[in-house]
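Both of the next two complexes hold chain A, though its partner changes from chain B to chain C.
For the complex of A and B:
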């Protein structure tokens, strides 16, 4: 499906980072701080370490089957029936997560700037743009993703400008939180970092001689670094108690920037980043889903099903959660276990075991 | 051809949406709130007073054109169980949509502050319009009365206090800082105090009439225990509080001149910082506070040459003594009279002794009453302005 599309290593890293970063920066710092309090940075480091493990696990499978998507690998390793079942589950997870992201995308814009606009307008708008990107092909997506560098620059700018409000003693005393709470705080960002497994759908688009393991490592380290910067910024500016009560603490962090009484009200920076980052994140999941579904039903060209799938994502995003309370419960309580245990570690581990038993590929 | 038709259709559709935004609000459709005041009234209800800008008065460059100056703001009050409820009642009196984005100050009436402020800070953080950077102030008397007082130099009282806090002569706190102090353990909140005073000084009678012979000013600091106000610090003690909290302060310290003690020298504070070191002596919390102050000498009444190092050292010493005195008076008031730790000594203790803290955090304020605090001040005069000495010194 992606035979003719080839992206280079840097584009792959950027895509992978942007596959995770937008929502992890907006929503997760408050949760991690809520659990780990002043030791949230330890959670961030733990999550990164575990993320590297997930990245290595998935790359060790993918590298044995060059030119095949994860779905095709499943069919090869688990047999036709079980392969299709595992693939269908994986595709469902991508669909579920993608509509969750589409909802978050709209929800933030609705809560923060446009309270009177119906939620579906945002989801549909984001999905129309993503659909266009998906239809244009993976290479186009990778190039479009270069805009993401702008998001990162904006984010680093925001963090630098917040320095005036930061007080480092808000981190002290260290190592006070109970270890189990620090672990809980690491679980949620880990679930987000584990989303890099989605990228295994695109492995045929990678250059033939590149090291997937290296790409995964670099991406996870970058994601971890940005997450750490984000979480520290929020913690040092607001303190643990206040930050953990916020819905979107990075947004609040931007709102209070005030330098020399004229550089203030920089909220729009966040909206710019979110508009770009959110759409790209939705786009990558969307793309993976389209490839998954066309594999599931044996469709040779994915393009005709792009719009129908978009409609499914948009409508699912409307009734996936009843309200924000339900959504928070799901994202913070259910989603980490559901994603990590089944899709981010479970299925890859199964595939890895199968590849060892079958003795296929090299190195096993 | 087909492509062109599609393009035309697309352009047509997009053009329809480009004409305006969903839920837009033009400037002439909104009532811009400059300051919000909240008072407690009977039956657990609150009275919300908003000071709304009158755009016409801001727009016209020459206000006095055509004789009478137009008022720059109007104040409207209404009651409700919550702030939002009161705001909805306001909407019946103000024909425009209320816009909070430019609210400079949240003025809490003394009664409300004594009843507890936790019930009222939420709206200003939860709603997307009010900024977390608005100033939180406690008004002596009612907030309604405060907002209804005009200002001669600034157009409205909210702007007047907003700019006054920016001068950094008194303690001031922004909403997000205030909420953090409310939420964290080991520190009690403090907020700026403001009041209305009668003035007779305005030379121009028309000005007098305009403001009703009244003016707003900063008036010390309101101290809180949890979310209830327990007392006031006066202007001098407020300085002490700022030294002890390490809050940026732009003030003048006047000390006797080293050569002629009856003449004075004034030093303008440029930088200040503080460091708290917690210790536990016989399980009594003990704190060593180090305050560092840097300043420029800007006025000298005596005739001696003060650029001599020994004399500067003397000035430094008397400056340090002065700062120490102020800090101690604030400490005494907070520690002995009200028993609230507004300085964050508890946090310093927590940082150092995280295990012991668990046992005492629940009655930290009682423990704080027994705490010993040593204040050490290091003051330095750096610059001396445009003169090295007074002309005619060696006559």
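For the complex of A and C:
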């Protein structure tokens, strides 16, 4: 399905990073800080450590089956019937998450910039551009993503600027929060980091001799670092009390930057990078979904189903949540357990056990 | 005569007359010359019926008046001096002086003429009528000898050509001032003078079923990638078209992505630029009759670089390049950004500026989108008029266009001053880089303006993303268009936005797959002796 599409290690790492961070930076810091207060940075570290575990779990399965997508691995390990069932479930999760992202994408843009524009415009626009990227192929998406990495560097620079507003005593006293709250705070970002499991759909596109384990490790560490930078910035600028009451604290943190009567309203950069980052994130999920569906129904070329699938994602994104409150409750309450237990750890663990029991893998 | 009548009469024409096109040239293939000179002349005269510029000159051989000779050439394409002095004079007068007393028989005549009679540096023999016709039309002079079925083709070409002048489309301050002309041979000689190496190969083709235009591809063997050379050849040989009048025909027939707004084939009129391209492993395509030479494969960054970048010192060049990139970006997005800010995102402007812009816009009747769109159209009209109109009227256009239109439009209250500034700056920015890339930027500017007029900065962002995705997917002869940025070739990045000094650019660009990895030795950094020795 991905014949002749080969991406290099760096492109893979940054695809994984951008598969996670656009949304993680947007909504998650507020939740983590809500649970872990000023010890949220510990939650970030914990989530990263657990994320590395998930990454290694996935790589230990995928590396045994070079040149196969996770769907094909399921069929190989669980048999035709159960493989297809697991694959269908996994594809559903990707569809569900993708629609959720499209919804979140539109919601942020509506709240932040254009309150009068209907939500569906944003989601549909993003899905159209993503569809173009998906149709152009995986290599194109990887290259486009590298261009966007420049925007991430921009983000780091902006974050550095906001340290002019930072007060380090807001971090004190440390280690005050109860351990169980710190763990709770780690759970939400972990669910987001676990989204790297989606990338196992694209493993055939990786270079033959690269180490998937290393790619996963580096990606998770980078994601963790970005998340930590985001959390620290928010904590230092607003303090735990204010930050946890905000919906998009990182956005607000950039919004209040004002230097030399000249560097102001930098939130537009965040807004633009979110617009592009969201396209990439939706695009990767979209791509994985298209590949999953064509595997499910045995379609040899994924291109004809790109637009129909896009229509499904767009319409599902419209009625998936009733409103922002409903969406938040789902993302913060249900989504972590739903994702981590079933799809990010559950299914990979099942596959891992199956591969141990069957005691084999191709070429391993 | 009405159109239908023309068609009716056309249908009545005899079939053999209708064949006088592609099929006619093809029908000559395989036809051979006769031993009888009269028959040959008659045959050629039939072929060149009603071609008043073909000259038939019949005369007799000075050594033996029994032997009839005939010269056939195209008036204006053959060098008249050479034809009269070195061919006619030699054969009709001077041959007896060379070999006094000896009588040449008919059977010996051809060999003798070839060896002793002609004072022409380049001759060729043929017995095919098709080749003779082709040679005459290409400017060669054909000599027919009675009693032989072989014609001698004399390479005595010489026609009026434009002199080598300054490059008009790519002017430079520092660097070679010569530019290509319309003659293919002159052009290849200009290139050969830059690269004196037998590995510079120039292969010829003839393209065009009616025009039989000379096309040549040039490359450096051992530097250019053989696979790409082969691909270029196959794509050129594939072309079946009546005529090639400019390299643009070939460009459109060989490019990778015909529907893309971006050019995937570069063109230039500067020999030094072509030489630089070949040295990096590219392939040049020359076409007779045009000063523009194509180079492939081409990358996006090429269009933002000028040949002068490599002649000026690197610090200055790097700074200029950064400015050029910014200008290119401005020429793409500035009007859309202005529309978005003025219509949707006023908060992005500092208060003082916002007040001034608001005051200007108060009297303007149209929404910003419409206003900018209109002014951009006006600018495009002015630009087009500036190219098309006869030189002497040029002044008038610039005065009417720039002063009267711009100034009066503002004073009449049709447009805001800020709009004029934005449109003017955008227009000027688009002239800072390669012309064919700036055309695509101008087109996409309108696409972005529509998006930002409807969705503000979000629309602009979406539009830029779509353009970037499109660029990421483009290829030129198998080479990704955006390389070396993506896919990233780190060693090439020193010649993208900045230019590293020559002593630091040891490796040839890796993004063009070639064979010559290094273009200079290590340690070329100048090291003047210390203590002022």
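We adopt the following convention: the second predicted complex is superposed on the first by the 361 of 364 C-alpha atoms of A that agree within 3 Å, B and C clash if a C-alpha of one lies under 4 Å from a C-alpha of the other, contacts with A are read in each partner's own complex, and residues count from 1 in each chain.
Heads up, the rule we're going with is that contacts are C-beta pairs under 8 Å (C-beta built on N, C-alpha and C of every residue); 3 or more make two chains touch, one makes a residue touch a chain.
Model, not experiment: these values are computed from the prediction.
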TODO: Quick one: classify A:169 as touching chain B (first), chain C (second), both or neither.
DONE: first
TODO: Examine A:126 and indicate which partner it touches, taking first as chain B and second as chain C; both and neither are also allowed.
DONE: second
Open item on the list: Tell me the contact category for A:140 with respect to chain B and chain C: first, second, both or neither.
Closed with: second
TODO: Identify the partner contact of A:114: answer first if only chain B is touched, second if only chain C is, both if each is, neither if none is.
DONE: both
Open item on the list: Just to be sure I read the superposition right, which of the two partners does A:300 touch: chain B = first, chain C = second, or both, or neither?
Closed with: neither
Open item on the list: Looking at A:255 after the superposition, I want to know if it touches chain B, chain C, both of them or none. Which is it: first, second, both, neither?
Closed with: first
Task: Contacts of A:279 with chain B and chain C, given as first, second, both or neither - done: second
Open item on the list: Which partner chains sit in contact with A:239 here, chain B, chain C, both or neither? Use first/second/both/neither.
Closed with: first
Task: If touched residues of chain A are counted for chain B and for chain C, the larger one - done: C
TODO: For chain A, give the residues common to its interface with chain B and its interface with chain C.
DONE: 113-114, 117, 121, 261, 264-265
Open item on the list: Which residues of chain C touch chain A once you look at their complex with the stated criterion?
Closed with: 344-345, 347-348, 350, 455-459, 461-462, 465-466, 468-470, 472-473, 480, 482, 485-488
Open item on the list: Which residues of chain A touch chain B once you look at their complex with the stated criterion?
Closed with: 111-117, 121, 169, 172-173, 176, 238-242, 245, 252, 255-256, 258, 261, 264-265
Task: Contact footprint of chain A on chain B as seen in their complex - done: 22-23, 128, 131-133, 166, 174, 176, 179-180, 183-184, 347, 350-352, 354
TODO: Over in the complex, which chain A residues touch chain C? Could you list them?
DONE: 8, 10-11, 109, 113-114, 117, 121-122, 125-126, 129, 132-133, 136-137, 139-141, 143-144, 146-147, 261, 264-265, 268, 271-272, 275-276, 279
